[in-house]
Amino acid sequence: MNGNTFGTLFRITTYGESHGSSVGAIVDGCPSGLPLSEIDFALDMGRRQGGKSSFTTARKETDEVLIESGVFEGLTTGAPISLRVLNRQQNSQDYEPYRNQPRPGHADLTLQLKQGHRDHRGGGRSSARETTARVAAGVVAKKVLAQLGVRITAWVNRVGPMPLTEERAHWARTCSVEDLMRARDASELGFPETEGNEALRAVEALKEAGDSWGGQIGARIDGAPPGLGEPIFDKLPALLSHGLFSLPAVVAVELGGGESMSHLPGSAIRDPIGFKDSSNQPTPLSNNHGGFLGGLSTGWPMQISVSFHAPTSIPRPIETVDLSTNESTTIEVVGRHDSFPLPRAIPMVEAMLAITLTDCFLRSGKIGERL
Amino acid sequence: MNGNTFGTLFRITTYGESHGSSVGAIVDGCPSGLPLSEIDFALDMGRRQGGKSSFTTARKETDEVLIESGVFEGLTTGAPISLRVLNRQQNSQDYEPYRNQPRPGHADLTLQLKQGHRDHRGGGRSSARETTARVAAGVVAKKVLAQLGVRITAWVNRVGPMPLTEERAHWARTCSVEDLMRARDASELGFPETEGNEALRAVEALKEAGDSWGGQIGARIDGAPPGLGEPIFDKLPALLSHGLFSLPAVVAVELGGGESMSHLPGSAIRDPIGFKDSSNQPTPLSNNHGGFLGGLSTGWPMQISVSFHAPTSIPRPIETVDLSTNESTTIEVVGRHDSFPLPRAIPMVEAMLAITLTDCFLRSGKIGERL
Amino acid sequence: MNGNTFGTLFRITTYGESHGSSVGAIVDGCPSGLPLSEIDFALDMGRRQGGKSSFTTARKETDEVLIESGVFEGLTTGAPISLRVLNRQQNSQDYEPYRNQPRPGHADLTLQLKQGHRDHRGGGRSSARETTARVAAGVVAKKVLAQLGVRITAWVNRVGPMPLTEERAHWARTCSVEDLMRARDASELGFPETEGNEALRAVEALKEAGDSWGGQIGARIDGAPPGLGEPIFDKLPALLSHGLFSLPAVVAVELGGGESMSHLPGSAIRDPIGFKDSSNQPTPLSNNHGGFLGGLSTGWPMQISVSFHAPTSIPRPIETVDLSTNESTTIEVVGRHDSFPLPRAIPMVEAMLAITLTDCFLRSGKIGERL
Amino acid sequence: MNGNTFGTLFRITTYGESHGSSVGAIVDGCPSGLPLSEIDFALDMGRRQGGKSSFTTARKETDEVLIESGVFEGLTTGAPISLRVLNRQQNSQDYEPYRNQPRPGHADLTLQLKQGHRDHRGGGRSSARETTARVAAGVVAKKVLAQLGVRITAWVNRVGPMPLTEERAHWARTCSVEDLMRARDASELGFPETEGNEALRAVEALKEAGDSWGGQIGARIDGAPPGLGEPIFDKLPALLSHGLFSLPAVVAVELGGGESMSHLPGSAIRDPIGFKDSSNQPTPLSNNHGGFLGGLSTGWPMQISVSFHAPTSIPRPIETVDLSTNESTTIEVVGRHDSFPLPRAIPMVEAMLAITLTDCFLRSGKIGERL
């Protein structure tokens, strides 16, 4: 196993298993002079844990992020920032059945075949618990970006098969960030639909049935300058999709105009170029391309969608094997389950986008060693 | 600009502009002992150039790949393999209007804003000509993979808004690789549809109208062992999507079950685990997950879709600016155009998948310095 | 600041300041199946802290290494191993004078000029305290290497201007590893000289005079197979020297035949090739090249020397500036000092060699995901 | 084999064997706006080939560097710069005896053991011919640095066992760059000694005897700002030594005060800190540390020495094995030989220093996408 580091100059390295003593991240390459304290992490930690939603795993206490290095007297120093979150509430015994019986739909089987020995408790290294470290690192990246006027906002775009209405989806991509956040946060599902009750009932119904929904997260990046990303292998969409597909359960990533853009003829998707707002800098005059052109940012809001499959840890029996006896058997995955985890994925998506984008700023020299 | 290298141990570094003297790639990390000669490249070079299709850019002569290093007496030595393709048929004067007038829908504007100075001829570094180098490198990767029993096959899954029928799409994902290739290669569009004439007529119609279609490439990877990829940031889907989104005009990537999987409840997507074919190695008994689990390969065929937007170089006037005068103007992009370039994208998709997968083999230690 | 990660597949990422809450390392890429427990670290932690020597900084308690991840039921799992050492005995007030007054001979000034804001306490990130994390990571690498039959042994080769006798230096390079370790560990200075009392008296004299000595560490690597390293930029000597020069106060690195080899004519340095020990594998018949040929290991013991300048933190006044007033001033560096820190550098040198070599094994595919 | 790329943002990837069709480098990450043309390479290409020296390999024609990409109308564009040098004068038949008989003192044996198949002609990939590509890339880096006021100068510091006098060595490190270059270029040996005839006679004597000398290259870097390099693993000395030890035949690297500094007590090596030249920026007031402090540049000239062992390709018989028969045999290495190749190493050392330093500038954000 390798690949626990992400990024070139702004680099995140994570560690930790679901039932170990802690999970955490080392954030390398953060410029000095950024105000940072442990309280900065509380909001996103709470969102990642499901907040007030009744459809997501309930851990009673909010995760606290401990800063072990890299900050002195309230400001980053440029040294690596070590972030650490203690693991609590571990009922490892609950997982004893899965020691030898890999859970279908999880990494249990593939990881066992790869490494031969694994920590089976709570999914071990492949648990979504690992994303705690990324969300924490994402908070640092978001704070860097905020100083550069860049904002990243994600929301639930689709609940299982129920998308936002076309009109509302358009609104979410084009309204003010403040309005979007307000609508999103008013919904237990993170779903900024004016008529969202149908989705809520659908989630309730599947929860009762011991089943689960996936869906889609939408996201936008506002305020980034043109020219971020590198034109060939490290196109901005390529880097962003790498980060997004590194999240658990992602099955599709759309960037810019997205899949629907590929249905249209060329004549329908071109953005003319001109001058906006009496600026001397030429720019596309519309945003059919959704913020990217030639792999680089255009200066327009960047549009992103990420689809997640439904959680497979549902309390219904399914066939598996017992590795100790090499015989087939049936298990029922018990324990904490999410019937609709996408609200928790919102800060994860925001984190991966923020981490990637901060790295792009550093690689381009648009920011240096100090903020 | 940086980021012209892709991969960790099996690494591709490309160079070259559309109207420079040559384009090429250095392939680093190829094990020794692989038979390789210049004739090996002819097929994919021809496919990238559009082959017999009447809808793609016509370059008269097939690109020839020159091997400048890394091969001795017909076998790779482990040394970097330098591949070089001469540029011919360059009518640079055709592009003189675009020196100061960035073409909407191209990288012209964003690259200009990024670097301040660019080679405008034929799109320069951002031309699809650059993919020649990748397709050449992909041939090397495919030959490595072939020795390991792995085959990568791509086809056109959708022509603009016209997809394969659901039944035929299912067939393409599950039939024998030979049958799929036969059906694909029988179609001028690379579209393995039994009733493909409607799509053909639609492409002809847009071509006549001076317009263009995008669409979707489907791909599958057969024969890979379980456990490829790394569980966190370098999940196999994350690496593959990075490579795919680095191709020009990509707007969506779906891996495994894809976007449609995210519409389904958890109960509908789980693959039970058992033993297949009297093997002692446990494996999923079905392939709802499309070849990936926990970011690692499962041993089942991997399923991939990549959507490309339509070409924006169409012979219709559009507004742009003149950088030398800072005034708005109107241009009409002339020159060679693709009304439906997706057949040419087939070997590009195959190349990026093959390059990425070969790197995963090396990173896992499943192959070493010699084949 | 970036560059807190070292290695390609076996990767070390460290964090931590001298007076923060902890220092630590994430070890990525360790194969699964390696027995590892916290007790494994005690010996090298003690050696890094100076052991019984009266000439090195005295921290009263031995550092304990906490394993936070990557080990399950006594065996590594392949997941990243997070190692953490608490900081104790911090008298940060001692360092208050250096907040604005950079200590000559330290990183204080250059780091301040680079980052603008720094943790001045105990040298902050540039303290030798950071090497704790490397020595801990080195223990993991040494355990991997031990399973492959590779042993790394370092000793003090020169105390200030007093080297081992030529005869004894030759002995140290060619005797059995056990004999070498015995002689080294019998000396408070780590100096395997039969007549070492002169050096001891010289160190005592400088200690009393409020002064300090540097010197040279010798090292050898026994048991490595031929062919490790990569022939061009990542020659084994290049990788090893990178690691060694990343240690504090290093001023020279000699690998293989070393500086003295460059005084000799070509006729005096060639090793003929033949067969040894009735093996069928050809090998050099002598070791003038000191274990490396063409940047690759030869299978013979590898010879290494690393020279460290004397510590500059000595209790003698020296001119500096006050950054808060921009005026010149005089300081005397007080606090814990090493009059001869080279015994503590022994495990640091061993650690960097072990980490580098383990990475080479992984990059070559000679070991994979499991031990 | 991997590792044919060097650097993080300013990256060099080389290819090519001694007797292949060409050798070359792709330079990635060069900012746009740098004037560059093929004539810029002539001087260093000539120096690498031995110039007027009678003691180095004589290739009749000067290597010409072809720029295949990355430059448009005389200025770099930010795109990768592909540099290519044709191989000429290849008498591959001369090398036929070494196909199965590895030459002692060369990479032949270790590379054979590593890869199993190799191009034996002229040393193949391990030939010093590969350094042509680095020297070419170094020219680009030097031109970037020149725009930043940084100059890199190397010279021969020692001929076999005959060093510059202590006084002259001090002069070389402290005189004006122009004076140093004049004295160096006046000597056929690159040896800026006023009384250099003894060395010249010694080289002549060994040449006649069919033998060879190694020696030492000195180098200095003038004009760099303080704070370059990264404080932990990527200390500036660590990066520089990595680059230097990647050159063929290097056995020792000294950076800053060098090996001799490690003989001195701490009291003798400290540089007080103050203000120089009525500047407000504090700086060391002397340069005992030789330009580095805490792994970062100080703003003072950086001092470097690199020791090379003598060439082992000398026309004297030596024992080796025949791989085709597995029997011992005796060979005499014939062909072109250097009796004293260090003058040719001067531009190689300068190139690796320049490439490394340019990367440090980019990593620190001190330069960005455009010059």
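Chains: A, B, C and D, in written order; residue numbering restarts at 1 for each.
Here is the rule we go by: contacts are C-beta pairs under 8 Å (C-beta built on N, C-alpha and C of every residue); 3 or more make two chains touch, one makes a residue touch a chain.
Treat the numbers as computed from the prediction; the structure is a model and nothing was measured.
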Legend entry - Most widely separated chain from chain C, with each centre as the mean of CA atoms: B
Inset, instruction - Mind checking the centre-to-centre distance between chain A and chain B? Centres are C-alpha means, answer in whole Å. - result: 26
Legend entry - chain B and chain D: spacing of chain centres that average the CA atoms, whole Å: 39
Legend entry - Geometric centre distance via CA averages, chain D-chain A, whole Å: 46
Inset, instruction - Would you give the residues of chain B that are in contact with at least 2 other chains, written as numbers and ranges? - result: 1-5, 9, 14, 79, 114, 125, 227, 231, 363-364, 369
Inset, instruction - Would you identify the shape of the chain contact graph, picking one of line, ring, star, complete or other? - result: complete
Legend entry - chain C residues within the chain B interface of the complex: 8-9, 79, 227, 231, 362-369
Legend entry - chain C residues touching chain D - in the complex, by the definition given at the top: 1-6, 12, 14, 102, 104-111, 113-115, 125-126, 130, 158, 160-161, 206, 211-216, 226-227, 230-235, 237-246, 248, 250-259, 261-267, 269-275, 280-285, 289-290, 293-298, 307-314, 316, 318-321, 323, 326, 328, 363-364
Legend entry - Contacting residues of chain A [partner chain C, same complex]: 1-5, 9-11, 13-17, 20-24, 26, 28-29, 32-33, 66, 68-70, 72, 75-82, 114-119, 124-125, 369-370
